[in-house]
Structures are given as structure tokens and as C-alpha cells.
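By written order: A, B, C and D. Residues from 1 in each chain.
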Amino acid sequence: MRMLINVPETVVADALRGLAAAHPELTVDVDNRVVVRRDAPVADKVGLVSGGGSGHEPLHAGFVGPGMLSAACPGEVFTSPVPDQMVRAAAAVDSGKGVLFVVKNYTGDVLNFDMAAELAEDEGVQVAKVLVDDDVAVTDSLYTAGRRGTGATLFVEKIAGAAADEGQPLERVEAIARQVSGSSRSFGVALSACTTPAKGTPTFDLPSGELELGIGIHGEPGRERRPMMTSREIADFAVDAILQDLQPRNPVLVLVNGMGATPLLELYGFNAEVQRVLAERGVAVARTLVGNYVTSLDMAGASVTLCQADEELLRLWDAPVRTPALRWGM
Amino acid sequence: MFDADFFRRWMAATTASVDREAERLTALDSPIGDADHGSNLQRGFLAVSAALEKEAPATPGAVLVLAGRQLISTVGGASGPLYGTLLRRTGKALGDAAEVSAEQLAQALRAGVEAVMQLGGAAPGDKTMIDALVPAVDALGEGFAAARTAAEQGAVATTPLQARKGRASYLGERSIGHQDPGATSSALLVAALADTAAAKEAAGE
Amino acid sequence: MRMLINVPETVVADALRGLAAAHPELTVDVDNRVVVRRDAPVADKVGLVSGGGSGHEPLHAGFVGPGMLSAACPGEVFTSPVPDQMVRAAAAVDSGKGVLFVVKNYTGDVLNFDMAAELAEDEGVQVAKVLVDDDVAVTDSLYTAGRRGTGATLFVEKIAGAAADEGQPLERVEAIARQVSGSSRSFGVALSACTTPAKGTPTFDLPSGELELGIGIHGEPGRERRPMMTSREIADFAVDAILQDLQPRNPVLVLVNGMGATPLLELYGFNAEVQRVLAERGVAVARTLVGNYVTSLDMAGASVTLCQADEELLRLWDAPVRTPALRWGM
Amino acid sequence: MFDADFFRRWMAATTASVDREAERLTALDSPIGDADHGSNLQRGFLAVSAALEKEAPATPGAVLVLAGRQLISTVGGASGPLYGTLLRRTGKALGDAAEVSAEQLAQALRAGVEAVMQLGGAAPGDKTMIDALVPAVDALGEGFAAARTAAEQGAVATTPLQARKGRASYLGERSIGHQDPGATSSALLVAALADTAAAKEAAGE
């Protein structure tokens, strides 16, 4: 097993201890698995709570801080957290203005956050929820669990986080989060599977020289396997898959996201091709972010997320943010 | 009649069998899932067993409610709320009785399975745990052994299906040809029930 | 070949185009391979120029910006850049106060920067050089090319960059850079080899279940191969190797650096073990940075760098920085 | 006597042979280096050939000076400055003469090799290009064929050595047992010289 770990059982707890050591500006409750910005609850501010399985770092704990999440609940690797964590997080960040749960659309996440919302409301916290389901590789139909939540999570958390920091009320923060989620679409490819600590071997076999199109962020295979494509071809395929679903009129935010093991050198090169195809399709680009943000352990590959941004979303995107993984303006 | 101790033994048997089969469950969850089902249930049922030992609830219903709550609080993922709801709602349906009949158990389990279907929105044929649980509950009238067989057959019968719920559904047609991990673990749960009942009978209780 | 590229020959140029698209605050000369902060030359400020082979991203181009490098010169993958690039960079950033070259200690980098320094001085730019050679896995003796430059490069570039931004003169900036370099030591391990685009297959064979101790950042094997160790054991080994060479009296800066393909989840867990052993050895920690900063393409593994920091270094470390990969305080 | 055209042909022959052997050179640079030597020299000599075609320098010295400058400007790494210096300093030592003798070439090459030793600080036995270049220059008195053989033997003889210069030195004892890529490419350079001289002779020049 090629892993820098002690034993699979303590991977998440170990990471939380390491996170705490590196980030004194966060309160890390290792036992209960809740990461909260140290100054929470911030008076008169809507709390923003997200969470999900571990293995997607820096998502979500790396996005906790001023201008973004108030708290994050990391589950076991690729396993959504339990309601107890979310209830605890909600209680820790609620200033009385309510809490928004940002939920990636996976059966597990949805069910656990739903349960948590009920429990938190029982404890007197006003809770709203927004679902992120941006992955166009999955048909959103009666015959699936709906589209998966992937890269757009970053856009939702950043932009809703900025709205919350401005002091906007829960309904507004929720509406903005919903707008971002609704205007964002993603498509991902894998050049290798990933290896979870619990399993210790790759989640699927992908011979060198082939790639998976339309993968998610949990080491599951994609919709289709093909002979290896060039960066140019992949960019064409991914962007066109998105544009089939989302016809942006406004300039877009672009996230070119690495799945974990793809070198930044390749990721920037891939971004060049993504920008080229967007220009060819007449899509204007307002901002571009390139990096490993919503990962799938040691999977090689990348995803593209586009978010159609109006003036307000752009202003909120540009607003200051100070988290371990995303920082600007302060 | 079945008392709280019987239900504790059922849970213990499930814990042992999930612990034994964890790797296989995770392996089944690799090609069409995210390779965590085995460790999820292992973690959950170990917590169930620990809690039952510590609190020792006095009624069948209380045993299952506690077990369900433990699963919800420790498993996460899709299977945590679903299995948690199964046991919790089965337990609730059993009420406060100190002992329950086989028929009461069958009825309560049906209520539990229906709660799972409502929570997760899955119907038979969607390639989920429902495909093992529904046949098991249907067969329970013919006895525990029949339920066990039905659950196992139901699990195996998920292989040719295309998934319509859970993360296997993301794969579309590629989900065909793989046995569903949740249906497989449901068969383990039912098998543990049958084993526990057989042991009870053998002991002449 | 599991790479998100077009052809090996254009990897660096493609990446520079993608960098330019994502970072309008940088001037990227793709043809001449020079990345310069857009506002250069900054009046009355010493210029800070570094560079080296590509494949270590975000190093160096990701560290260009206020508070850090004035310019970076990316070479081919794992190949130091040519003097022409450095001369061009020096000319672009010199405000008349001179330029400091930050050079990692590799024969190629040293020779090319030496030649560039001569040529730049011919063109009237005052040039000083600082060598980074922090890797304790290599004995610094007559029988080697000296210690390699690895993770400490980040400390040198950040701290010297802050000194330059304060308007300190070339001699001071150089002296501070030299102090940081002299007080920093690193040790790295690999859990897998990496694959260069030119070669297309892993640079060495590392069976799963073994690891290489004392690796550099160029896909070369380390000093020793061993059966796989736990995160705890690796932290003990790496920190002790460093402490054998560097007995810090002051609190240290800690960099827990990923080689590229090791998930952040594991890296944070490894940081927990690094902090534990430092505490056990009585070494106080002033600041900790965890992430993929000085990488080796898609190599799995990590390195630890310690820098003994006095008050001034700490102040300069904390000073604002705004680059693609390192940002705080502004 | 050897004119500018001879030196251009030597460079062209080197370009062709480096191009042909690039993969092998990179492969040699993998176990004890960073897997770039082949592509480094390929890039460099292609630039050399392009520049020589464009500028067509009139003297042997000017050909080598231009070639050396091209290598310095396009190769990078350790081999760029070292090979660049080798050719540039050899060219400088040849001066402005329109034609040079074999003896003048041998002397100039010695000066070039010495410049490389000074720049890189390597001595014979350090497992570098020097281990092919020095024997070649020593043997040049006995003719080009002898130099070729000496360079090839010198390259092969680096295998049992422990590297003391360049990145192979980081490996310590683990560098033993691998042939040095730079010594190998130096042997190609000398072989190209010998081939060019043999072709000249065959053409009765």
C-alpha cells in the first residue's frame, strides 16, 4: 500500500490533528470531527456549514474561514459524515441568524444532512439547505440519484460565504447559493483510479493508455472508457459536455480542478486548452482558478467547472476570503 | 417468543458476520461504488455491539432503536441513515413489549423496510438493499430459513440489474453485472437473524 | 502514458499559456519562458529572480508576485533553464538596485545562473546569488555535487522577497537569503517514482510495499530503499535526519511538503506525526505550512523542511505575500 | 586540412546520432539521473544544426563557437553549459583560420576539454563526460578511429565507478553499476567526428 499513513482506521483523525497544528486560526474538534473558524459564532452572520466524505481535500475543511465556510464536517474517507457532526457544527456557528447547509448531491450526504437539519431545528437553530449537483456526466433523471455534486461546491461555498460575511439574511444567502449551484456545471476525467486506505488497492483497473470520461470524485468509474486523448481533445469534450447543458450568456467563472495526482504543470497546460475551446465557442471568461481543490485522493485526472456569473456573483467571488486553501483580498 | 436478549444476540451475530465479510462488501462497492461499504458497516455494528453491552436495553424494541441510533451516529454514507432507519423503525414498531412473537417481528420488519423505501425512495428492482429486504420480509411467514434464502437470492439477483438509486446509478449501464453491496449486507443481516433463531431453537428455548 | 498533455515537447509552453490565462497579474512571456510580476520593475526595490527545471510547480512561477519573487525562469521538465532566460528576467525586474538570483544547488542550475550573472552584469545589472542546498540526504563532501536544493527554496524566496519588498538593499537581501538557506534543512521520501513527459515511464521501479528514503525532487532514487514504513516512523526518520545536521535553538518554521501525488489528507496526517516528534525532541514550532509546494511531478511522497527562525525572519515570513501559490496578509 | 564545411558536417553527424540515440541517453539518465539527457541534447543539437544552416559561419572556429553558443542558449541543465563550453572553447582555440590541421584540432579540443574540467570541476574517474573526453583527446594523436575507440571505452568504463559530480553523485554507492549518460553522449560526439573524417577520406579529400 503506497500510503503515507499509520493505519487506515486513524487516517481522518490524524489529518485533523495535523490540520489543527498547521492552522491555529481554526478550532478543530478531532473527537467529534468538526472544524470551526475560531471566531465563530460571528455576531449577526448566517452560519455556513458543509461537509462530506474525506478524501476530497482541501474540500471542505480547507475552506473554513472568513469569507467562506463557518464550519466543516469531515466524514470517513468517501463516506458522508453523520448527523451528530452537523448538529454540533450548526450549534457552534449559529449567531441566531440561522445556518445554511451546503450539501453535495449524494444519497448519503442528503440523508445525513436531512436528519441533521431536523435535529438542529429541534434545538432551535433555523436551518436552510442548498444542494450542489453540477456533474453533467450523470443524467438527472428518475433513473439515477440525480447529478453528483463536484467542483461547483467551491463556487457555492465561496460566493455564499461572501454573502453571509456581508451580513445578508438566511433567505438571501440561501437564494444566492441556489443561484450559484443552478448556474454551475462540471465534467471530469480520470487518467487513473484512486486508492482508498480501507481498500488499499485501486478502486478500478485503468490500463495505461486509456481514460475514463465522466468520473465523479469517489473513485467510481466514469460513464465511458476510451483510448487516451490529448489535453486538447479532453478540453473539447469536457467543455462541450458542459455547454450542452449550460448556455452561458454572461462571462463565466472557470475552475480547472485537479483530482489529486495530476501535476500542476499538466493542469495549467489543460487550462490553456480549456480557455482555447471556451474562446472558440464564444464564451467569455471572467475569472479562472487552477489547482487541486475538489480531489479524489490520489486519482490522476481533472475536472472543469463553469459558473455563469452575473455582476453580483462576480463581486461576491472577488470579495476577501481567508481559508487554508483559498485566500485573497485579506 | 423473542426477548431483548434474542435481539442482542441477533445484533452480535450481525456484527460478527459484517466484521468477517467487511472486505468482500468493500470489494463489491469498488466497481460500482466508492469502496467503503464494508468498513462503514463494520464501524457501525461494532458501535452497536459496544452500546448494547453498555446500556443493555430491556425490550426488543429498545434494542433495535438503540442499534439504529448507533448506526445513524457512526456510519454515515447512504447505508448509515438507511440501516439506522430500518432498525429504529422496526424497533419502534415493536413497541414496549418485553417479548414479541415471530409474527410481530415480521410485521415490524415490514414497517422498517417500508420506512427505508420511503426515506431512500428506492423500489424493488432499483439494485439496492431493498432487493434483499423486501423478499426476506415477504418470506418471513414461512420461517427464518426461508427469509434467509430469499434475501440471499435477492442479493444475487441484483447482479443483472441496472442501478437506479445510490452511487451505482451514476454508472448507468456499466452498473450491470455487479452484485449490489447493500443487498449483500442485507442478506447478512437476515442470515444473522436466521442463525440466531436456529440457535435458539437448538437450545430448546 | 497517463498524462494530461498534448505532446511532451509543448508541455512547458502549454503550462505557461494556462498560467497566463489564470493569472492576469503576471506577465508571462511564453516564447522566452520568463514569468514576471506585472508591475516590475518596482521602483527602488531589489529584484528577486529564481528558476529551475519545470515539474516542481508551483515552484517557481507560482511564487511570483508582491512579497516574493519578481520573476521566474522555468526550464524544460527537470532541466535547469538557460542563461538567456535569466538575463531577460534580470533586465525586466531591475530597478537599479540590483537583482538577487536564488539558485538551487544543482550543477545545471549553478552553471547556467553563473553564466547569466556574468552576462547580466555585462549589461549593467548588479547581480548577487544565493545558493539553496538544504537536503541532508546528500552528504556535502568533495565526493558529491554538494547538498541538493529542495524545500528550503520556498523559505528563501518568501523571506528574501519580503526583505526586498521592504526596500532593503541588495547586500541585506542577499545576507538574509543566505541566512535562511544556511538555517534550513530538508529530508524527503518517495512512495512512488515519477514519470517525465519525455520518458513516459516511471524514472525508477518502486514495488508497492517499499519506499525510498532521502530522495530529491527530480525523480532520482534516494539513498536507501526500505520496506514500507508508517507515517509515524517516516516522521521520526526524517526529522531525526534533519536534527542531526541542524540543532535549532529558536522556534522553527516547518514545511511539510507533498511531492505531488500524495493526497492532502495524508499530508496533514503526516504533519501530525512531524509535530509530535518535534515536540518530543524539544523543538518549538513557530509556523507550519502544509501542502504541495516543491513537487516532483506525480511522485507520491513528502518532504520535511525546518528553518531556524529568529525574530526578523519570523517577521519577514509573516509579511504580506500575494502570489498564485502563497498568499496572506493582503 | 579541415575547413568550415567539415565542422558543419561533424555537427550534422552529431545531431543525427544524438537524435537517433536520444531515448537511450534518457534511459541511461533514469536510474542515476533525472531522465532528460537525451531530450536535452536532441533539443540542443537540432538548434545547432538550424543555426549553422541559417548563418553558415566561414571558419572552423566560428562553426564551433556558434554551435557552443546555441547549446548554451537551448539546452540548460548541466550538459548545456558543459557541452556549450566544450565547443565554444575549442572553437576559440581554433582562431580565425579558414582551415585547420588534425594536430590543431587535437590541441584545440584539449583546450575545450580542459575548460569543461575547470567549469564543472570534474576530474577523470568522477563518472562524467570527462571520462570519455579525456581518453579521446589523448588518443587523437593516433587518429580519429583511435579517439573514437578510446571515447567508447571510456564511456563503458564509467559503469563500475561511483559518481562524484553531477546528480548521479547524490546516489552515493547506488550510482555504481550504471553507465554515465554524459560520457555516452561524448562518445557519440567523438564517433561523429571519426565518421565525418572517415567520409572525408573516403571521398578522397
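Observations, loosely collected:
We adopt the following convention: a residue touches a chain if its C-beta (ideal position, glycine included) is under 8 Å from a C-beta of that chain, and two chains touch if they have at least 3 such contacts.
None of these values were measured; they are calculated from a predicted model.
The chains in contact with chain A as well as with chain C do not exist; no chain meets both.
Path length between chain B and chain D in the touching-chain graph (shortest route): 3. Distance from the chain C centre to the chain D centre is 32 Å, each centre being the mean of its Cα atoms.
With centres taken as mean Cα positions, chain D sits 53 Å from chain A.
Looking at chain D, no residue sits in touch with two or more other chains. Shown for chain C are the residues that touch two or more other chains, namely 77.
Taken as a graph of touching chains, this assembly forms an open line, each chain in contact only with its neighbours along the path.
Under the contact rule defined at the top, the touching pairs of chains are A-B, A-C, C-D. Considering their complex, residues 1-7, 10-12, 14-19, 21-22, 54-55, 57-58, 62, 77, 191-192, 208-209, 228, 230-232, 234, 256, 260-273, 275, 285, 288-290, 292, 295, 297-298, 300-302, 322, 327-328, 330 of chain C touch chain A. Those residues of chain B that touch chain A in the shared complex are 26-27, 30-36, 38-40, 43, 72-82, 119-120, 162, 164-167, 169-172, 174. Residue ranges of chain C in contact with chain D, taken from their complex: 8, 53, 75-84, 106-108, 111-112, 114-115, 137-139, 142-145, 148, 196, 198-199, 203-204, 216, 218-221, 223.
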